Amino acid sequence: MLDKNGIAQRIAKEIKDGFYVNLGIGIPTLVANYIPEGINVVLQSENGLLGMGPFPFEGEEDADLINAGKQTITTLPGSSIFDSALSFGMIRSQKIDLTILGAMEVSENGDIANWKIPGKMVKGMGGAMDLVASAKNIIVAMQHVNKAGESKLLPKCTLPLTGVNCIKKIVTELAVLDVLPEGGFRLIERAPGVSVDFIRQSTLGRLIAADNVPEMKLD
Amino acid sequence: MLDKNGIAQRIAKEIKDGFYVNLGIGIPTLVANYIPEGINVVLQSENGLLGMGPFPFEGEEDADLINAGKQTITTLPGSSIFDSALSFGMIRSQKIDLTILGAMEVSENGDIANWKIPGKMVKGMGGAMDLVASAKNIIVAMQHVNKAGESKLLPKCTLPLTGVNCIKKIVTELAVLDVLPEGGFRLIERAPGVSVDFIRQSTLGRLIAADNVPEMKLD
Amino acid sequence: MINKVVSGAEEAIKDIENGHTLMLGGFGLCGIPENCIAALVKNGVKDLTCISNNAGVDDFGIGLMLQQRQVRKMISSYVGENAEFERQLLSGELEVELIPQGTLATRCMAAGYGMPAIFTPAGVGTEVAEGKEVRNFNGKDYLMEYAFEADFAIVKAWKGDTAGNLIFRSTSRNFNPVMAMAGKVTIAEVEELVEAGALDPDHIHTPGVFVHRIFQGADYEKRIEQRTVRTKG
Amino acid sequence: MINKVVSGAEEAIKDIENGHTLMLGGFGLCGIPENCIAALVKNGVKDLTCISNNAGVDDFGIGLMLQQRQVRKMISSYVGENAEFERQLLSGELEVELIPQGTLATRCMAAGYGMPAIFTPAGVGTEVAEGKEVRNFNGKDYLMEYAFEADFAIVKAWKGDTAGNLIFRSTSRNFNPVMAMAGKVTIAEVEELVEAGALDPDHIHTPGVFVHRIFQGADYEKRIEQRTVRTKG
């Protein structure tokens, strides 16, 4: 079973040389720490920045330079600044190669819910609806089950949707799964020490698993 | 009867302090020479410039700095450069207070034709269709009659249209006329020495003239 | 050149009336028009509809106007951490319309570009799509969303000139340029106001034609919402 | 940072094939990609559809490609003074589609912004409107116009960096930034190519994400179409 950093580490293996990547808040942010050496990747922050760097050193924070999570950050050489309309323009026109974000629920047809829980104070969808509707390639980083032990990979989402038919890959503490175009979660890899049976028990949506599902390598 | 400079001079009196103005090619370009002293006006060039200045001095031409007529120009202090999409964005959103352009024909309901003569090589409409469709205030600078002596102020345009229902004022070598919302050319001023009768003979569209139409003052 | 300079925030906002719709630039607390917000709080105008990506925090930004109950409706993409906001929302004093961030930015831009409506896939198949026209282009569904207009757009820039030209600094640019284009009246406060001609025309982000009033603001706090640092070594 | 540098115009255009659609930046002869045009003329690729505001003059710009009969169709707003263009058009060798200048710019922009269509009043009630959807918003009619896509967009900038970021100079900006956003593959030639990090991020007009290939061009002629001057005194 993976911890949050393990999930981030596994997702980082999906990032290829030359990718422009948008990382959501939470586990996705951790992915930046595991981008393989020698791979050139540019991180987008949807408030209006390409070429996001690490957090600043103490005392070097700039109130005018923040990311989409409102954290103080830095820029890397070759970065560019633009307004929020152009930022979502490049998202809609699919110039961003990969979007990584969290989810509360994902359904077996690729729907995602991650912005609203009925009865709770709703803070808003921010850029999530734009990102999931437009991205050509989305990986969801999430826990397989919620705190009550209930599966978050469902036949159909129960929460209000963020986007429909858009998720293609999911990485959880238990597994890597593809969402099939015809519907269903195909088990691609097991987390170290986790059995297919356990993953099946933790997955309420339809799970498709081959006889021999490899264990993931984080190297 | 006015010459081209006279038409430009009369039109210049319509320009008010604080106006952003787009001047078309031909007579409209001459209007810049007659903008009253003490009036602050900003000229837009639709290729992507606000704050157009006069032609450069010989030897100071800059190939990267031209107007919509492809002439070398200069910029004034406070000018700004932008791309052609934003340029037409500000035209569509009516940030330009006044557009002055030429015409081959204008009809009594405010249609304008100024881009295409069937049977002749068509060079294109350039920005004219955008300008006439969007401008909140358009003045047409034109000859009242063509070289064959035929009126260019018509009940209905005979040439392919550039825009419909958009022209509100016309200044010719003979007269200043408003296009009425209900249709018809209302004679506002006569050029020096030109009679109402002569204007009426030169106008094929419906002309509305009061008993006493003043002669224009160019001072 | 046309001079857009006014004496300060109080003069700039003086004709904003109860019930008006305002756009306020900024993302989180970054690039917000601090001086104008302070003047609005002082002036006490009420029943405002505020279009702003966020709603500030309890004691800064639009949160200050919420404390004074000046806002009737917020149109935002994310209303963040704001206890007073939550209280007013739950009590029904405040109305909130949540819309996707890209849709918000693009609807402002549409107004500035004279486009009455735009198409975006954001929100298709979700509750955001309710009551909206869905249209398919090349096999993909889009929502038609209308241009946003505001009685006043209030933005914050880094530098500006007397002709109203604006330059923004780093990610404090965010929503400011698109909102600057969308106001019936646009007010810009800047950290440094210079004479027309002092800015390079190629560096200008917002041409002065979009800006009706400009002034040099004072005492910018520029509060940081999430101070995040790494340690050296 | 992702490196977009190629060796020169020949490498940049080498996979442009007969029948492709190209966007070419520039207004008149101002800000045109001189090096890439020269390489296309040399390379001899044919049956091109060219989206460009103008078509050059007889012996410069796109006119050079017309001389070689490489262009099957021009999509422009104004085709200017070009005898060879006129001859080919009248003989039926060349097809031309004339569209309003703002519509041309906005259709390019729409592609870059991922908007499948836009609304503009330009051309309503004229032959430009034939076969197009007309839609009324707030009492005014608009045409729905589709986003333009191109197999290759070829633009010219003043400065660029190895990450593909572009800065344009004065009115040579014109159509270049919107076309740069609209190419499936975007090629940028620049007068000065610098290392990533040498350009101020706030000054960049076209973020590198839109640019796939960049190189420093050589021997810019920058011909002036209408040299207009005043005399001193």
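Just a few scattered comments:
Which chain is which? They are A, B, C and D, in the order written, and residues in each are numbered from 1.
Assume contacts are C-beta pairs under 8 Å (C-beta built on N, C-alpha and C of every residue); 3 or more make two chains touch, one makes a residue touch a chain.
Since we're looking at a predicted model, the values are computed, not measured.
Both subunit C and subunit D are touched by A, B. Shared contact partners of subunit B and subunit D, listed by label: C.
Averaging Cα coordinates per chain places subunit A and subunit B 56 Å apart. Distance between subunit B and subunit C, defined via averaged C-alpha coordinates, is recorded as 36 Å.
Put simply, the C-alpha centre of subunit A and that of subunit C have 29 angstrom between them. Shared contact sites, meaning residues of subunit D that touch two or more other chains, fall at 106, 113-115, 120-121, 168-170, 173, 201-202.
Contacts with at least two other chains are made by residues 49, 75, 81-82, 85, 89, 91-92, 134 of subunit A. In terms of which chains touch, the assembly is arranged in some other way, matching none of the line, ring, star or all-to-all patterns.
Remark: the chains found to touch one another pair up as A-C, A-D, B-C, B-D, C-D. On the side of subunit C, the complex with subunit D involves touching residues 106, 113-121, 137-138, 140, 142, 146, 167-170, 173, 201-203. The touching residues of subunit B, counted against subunit C in their complex, run 18, 20, 40-42, 44, 49-51, 75-82, 85-86, 89-96, 134.
Per the touch definition, subunit C reaches subunit A in the complex via residues 27-31, 53, 76-80, 86, 89-90, 98, 100-106, 108-109, 120-128, 158, 168-178, 205, 222-232. Residues 1-3, 111-115, 161-163, 165, 181, 195-197, 201-202, 204, 207-210 of subunit D are the ones touching subunit A in the complex.
Subunit A meets subunit C in the complex at residues 45-49, 54-67, 69-73, 75, 81-85, 87-89, 91-92, 111, 121-130, 133-134, 160-165.
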